[in-house]
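Next, two complexes with subunit A in common: one pairs it with subunit B, the other with subunit C.
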Partner chain A sequence: MKKYIMITRNSFMSSIIYRFHFFYTSLSNIFYIIIIYFLWKAIYRGSGGSINGMTFNQTFIYLALALSIFCLFKTYTDWEMSYEVVNGIIVMDLIKPIDIQLMKMFGAIGFVFYNFITVTLPALFIIIFIFQPGVITVRSIALSIIPMVLAFFISFNIDYVIGLTSFYTESIWGISIAKDTIVLLLSGAVIPINFFPDILRKIVGFLPFQAIYHIPLTILISKDMSIYDYLKFLGIQLSWAIVLYAVNRLYYSKAIKVVTVNGG
Partner chain B sequence: MNIVKIENLSKHFKILKSSGGFIGAFKDLFSRDYKIIKAVDNISFKVQEGEIIGFLGPNGAGKSTTIKMMSGVLEPTSGSVLINGYIPYKDRRKYVRNIGVVFGQRTQLWWEIPVIESFRILKEIYKIDPNIYNENMKLFNDLFNLKELYNIPVRKLSLGQRMLCDIIASFLHNPKIIFFDEPTIGLDVSVKNKIQTLIKELNKVKKTTIILTSHDIGSVEALCRRLILIDKGTLIYDGNIQKFNRIFGAYRTLKVELERFGGSSIEVLSKTIGEKFSCKHPIQVREDDDGWISLTINQDEVKLQDVLNYIMKVYLIRDLKIEEIETENVVRKVYEGELA
Partner chain C sequence: MRTLLSYTKLYALIVSQYIKARMQYRADFFISSFGILLESGAGFFSLWVIFHSISELIGWSFNELIFIYAFALLAVSPSQLFFDNIWHLSHHVRQGTFIKYYFRPLNMMFYYLSEIFDIKGFTKLALGITAFIYASFKLGIDWTFPKFILLLALLFSSSLIMISLMIMAASTSFWTGEASSLLMFVFRFGEYSRYPITIFNSFFKLLFTYVIPIGFVAFYPSRFFLRPTETNILAYLSPVAGILLFFLAYLVWRKGVNSWTGTGS
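So, the complex of A and B:
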């Protein structure tokens, strides 16, 4: 276990080295939040307070937080794996007595810590103290911790399945872009799921993406979540986590047989 | 005791035939026209514990593919590999615990962080006992004194410094066997020597079995007592390096650039030299792509000086150099039966 913690530590240390990247990511996310604020302010102007059962405050906070989580979970695992396969660097992982999936995951966790400091923390600060939405309570923050961890796990496994695909296809540029778009849209990170037409909402209910954003965010911004709803949400997340993990194990055992190690 | 046992090992790759050109690139998107490349073809050999053996072969001979199969990264198409009691690709994670691999083109160190941090993480990955770790670190310091490199991030090291650190890192967990794939590629002579001493010393102290590949005869000669020569995936020589040296050590390649050679043909030169200096292993004359003419001469039979004198008499020499025999020429000579 200690080796995986060391990997997390090293990946955090590696990412924090590039100072300009640090400041730039902080700033760009804050600008984005400001854009969301004015865009949805304009949309709500003619609406009389509430659209699809959500007030402006709820919608804004939902989207600003969704973006922050998106940046928080953006660890580029799929890009990194594809890069390693294309350039043959993957061989350096294969010659170590280490589990690739766990290694990638703990590396991604280090990245998440970095993202938390650069993106999520400043964003939270701005959302809570400047826009003062007043829907986030200590209780809702506490309740959303476990769903956040599960959401990361699901998000990572979706990245990883794309990353493993590069064992077959080497380059995954197109697949990866498509995945980012699909995840953003169907998870309710760009438009809240409550705004979706009924049929789409039903379809999305059967997909894992909503478990990344919609579930933890709903928990975070609802004032009076019943314990029944909470457990139901956790159940959905947990099932997806287990299913995706198992699929990846199986996929890896197939993919590792075909991986070509380029160069050298 | 044999630590490596390889029998009838083959690795075939299926690759897409490229049509070439701009239109061809589009055609390739839909093409299912594959061809089979035999990267490694029916190789067998054994290695004793503590041996240093050199894999020599020109670029693309299948050296790296063999190393990749031996280190458990690639699954062989056919044949068997048994190293240290394991079938590498089957028990990969257990097997790699007791091996080290260094690829000259890549690094196993973490790019952004100081060298010593990479050592620490390797310590955890291989579950190295703290005593063994400290003992090894001390040994490295006593032997090579690389301490001043430890706090520099790997990306800021020069290629040679990085290679030294990479080699040390591969010895850190006391592996039974280490594979070096082109460890001296792209390095200048002084660093090359340093790396050779490093490998030699550590082999002596730790009794680690070492398998090393190279396309350059010099570095194999400097380290190994036994040599395996491969070309186009097949094994063409496996044996003592002294015998090899006795035969090829006498060879030199004389390279000359001639003034106004354009008019006369290489065949004429080849024929006249062949007649003038007749011997058991005739002098090979070849025109290189860059216009230089190289003559491969066996010094036991013909004096290089005589050949040079003759050429100087007939032609005007603009420039000349004398080199050791190239691996490609060795391979050609082995095919011609010179080692048999």
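So, the complex of A and C:
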């Protein structure tokens, strides 16, 4: 266990060298929050206060927090793995007596800590102090901690699938961009899933992406979630976490046989 | 005129070599094109979903928003096609490989940018053109010849605005050694420009018009075709803004190139 904690610490330490990253990413997020605020204000103008069962406040908080989660989970695992395959550095990981999936995950956790301090916390401050939403309670924050951990686990495993794909394709620029877009759109991070047309909402219910954003966010913004609904949400997340983890184990055992490293 | 001609010839030569080299990775090209298609098309999907719940966005119809979106896509395509190397500038500056651009009897900015011609930008362009034709067909816009010429001029200046902002952002790496997050920040202006500026309150309307000219990228020029009667002087100012900004960007780049000290290797 100690070696994995060291990996987490190292990846945290190596990410804090990018000082400007913190500044511009925060600025970029402030812009995004301002734009979704006015955009959704415009969408809600002329409506009777609530659309698809969500008030403006709920929608805005949902989307602003989705941004915070997106920044939190952005650990570039897929990009890093592809880079390592292209440059051959991946052999250095493969020869170590360490499980590579766990190693990448603990590396990603270090990145998440960094993201939390530099990007998510400032974004949360802006949302809470400037826009003053009344929808988040201490209870909902407490309830959302476990779903957030599971959401990270699912998000990491989706990145890892793409990362393993680079064992076959080397360059994954296109696949990664496509993955980011699909995850953001179908998880409800850009538009709350309550706004989707019925058929689409059913389809999205069968996909793992909503477990990253929609589930923790819904728990965060609902005032009176029943214990039954809560457990159902946890069940969905847990099943996806197990399925994706198992798929990755299987995929790795196949991919490791084809990866070719030139030099290194 | 002679120099312009020789530079065009040179550009064609460099680009054709680059394309030959890229064609080694045919699968990568197709997958990347697909990725970019999804990325640029995502906004259409969002609009389509949102318009299931509303019939108009403060007076703007679905098709009008598609028109503005398509205009924004067309405006950012040239920066993808011709200026994609700008993303690698901070890497070259950090590694010291930027030194090679000092040694050719060519305009440095030209030489640097000519090295990458991003073919997958065509996907963005094609999507933009398709959506643009669809929207103007649905809206019944009557394309006369002078209107078309005006469209080209406005698109040109919109692209120039985005390109200039990105060159300025990337040039900061001559001093700081890193620019990717600033560049990403500026790149996202292209995405923010897809919405009508009229959704903002007066403070942000002024900010996005005069300080960070996002409005000039798509909204003000599009309004010229969508609502000719509502247009004010701003639409005509767009080419001026584009040329002035590019001039400024070139100055920043020159200053950066002259003050860069290299890495010593």
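By definition in this document, the second predicted complex is superposed on the first by the 262 of 264 C-alpha atoms of A that agree within 3 Å, B and C clash if a C-alpha of one lies under 4 Å from a C-alpha of the other, contacts with A are read in each partner's own complex, and residues count from 1 in each chain.
As a working rule, a contact is a pair of C-beta atoms (placed from the backbone, for glycine too) under 8 Å apart; a residue touches a chain by one contact, two chains touch by 3 or more.
Everything quoted here is computed from the prediction, not taken from an experiment.
Engineer: Contacts for A:Leu94 in the overlay, against subunit B (first) and subunit C (second): which applies, first, second, both or neither?
Structural biologist: first
Engineer: A:Leu185 in the overlay: touching subunit B, subunit C, both, or neither? Say first, second, both or neither.
Structural biologist: second
Engineer: Look at A:Phe196 in the shared chain and tell me whether it touches subunit B only, subunit C only, both, or neither; answer first, second, both or neither.
Structural biologist: second
Engineer: May I ask you to decide whether A:Leu39 touches subunit B, subunit C, both, or neither, giving the answer as first, second, both or neither?
Structural biologist: Touch partner of A:Leu39: subunit C, not subunit B.
Engineer: Please determine whether it is subunit B or subunit C that touches the greater number of subunit A residues.
Structural biologist: More residues of subunit A are touched by C.
Engineer: According to the stated criteria, A:Ile177 is in contact with first (subunit B), second (subunit C), both, or neither; which is it?
Structural biologist: second
Engineer: Report for A:Ile61: first if it touches subunit B alone, second if subunit C alone, otherwise both or neither.
Structural biologist: neither
Engineer: Is A:Thr169 touching the first partner subunit B, the second partner subunit C, both, or neither of them?
Structural biologist: second
Engineer: When the two structures are overlaid on chain A, which partner does A:Ser47 contact: first (subunit B), second (subunit C), both, or neither?
Structural biologist: A:Ser47: touches subunit C, not subunit B.
Engineer: Contacts for A:Lys257 in the overlay, against subunit B (first) and subunit C (second): which applies, first, second, both or neither?
Structural biologist: After superposing on A, A:Lys257 lies in contact with subunit B but is clear of subunit C.
Engineer: Shared contact residues on subunit A, subunit B side and subunit C side combined as an intersection?
Structural biologist: Comparing the two interfaces on subunit A, one with subunit B and one with subunit C, no residues are shared.
Engineer: Any idea which subunit A residues touch subunit C in the complex?
Structural biologist: Touching subunit C: residues 18, 20-21, 23-25, 27-28, 31-32, 34-35, 38-39, 41-43, 45-47, 51-52, 169, 171, 173-178, 180-182, 184-185, 190-191, 195-197, 200 of subunit A.
Engineer: Quick check: in the complex, which residue numbers of subunit B touch subunit A?
Structural biologist: Against subunit A, the touching part of subunit B is residues 13, 64, 68, 71-75, 92-94, 96-97, 99, 101, 103-108, 110-113, 117-118, 120-121, 124-127, 153, 181-182.
Engineer: Given the complex with subunit B, which residues does subunit A contribute to the contact?
Structural biologist: 2-3, 6-7, 10, 13-15, 17, 88-89, 91-92, 94-99, 257, 260-261, 263-264
Engineer: Hey, which residues of subunit C end up touching subunit A in the complex?
Structural biologist: Subunit C residues touching subunit A: 25, 27-28, 30-36, 38-39, 42, 45-46, 49-50, 52-54, 57-58, 120, 176, 178-182, 184-185, 188, 192, 195, 199-201, 204.
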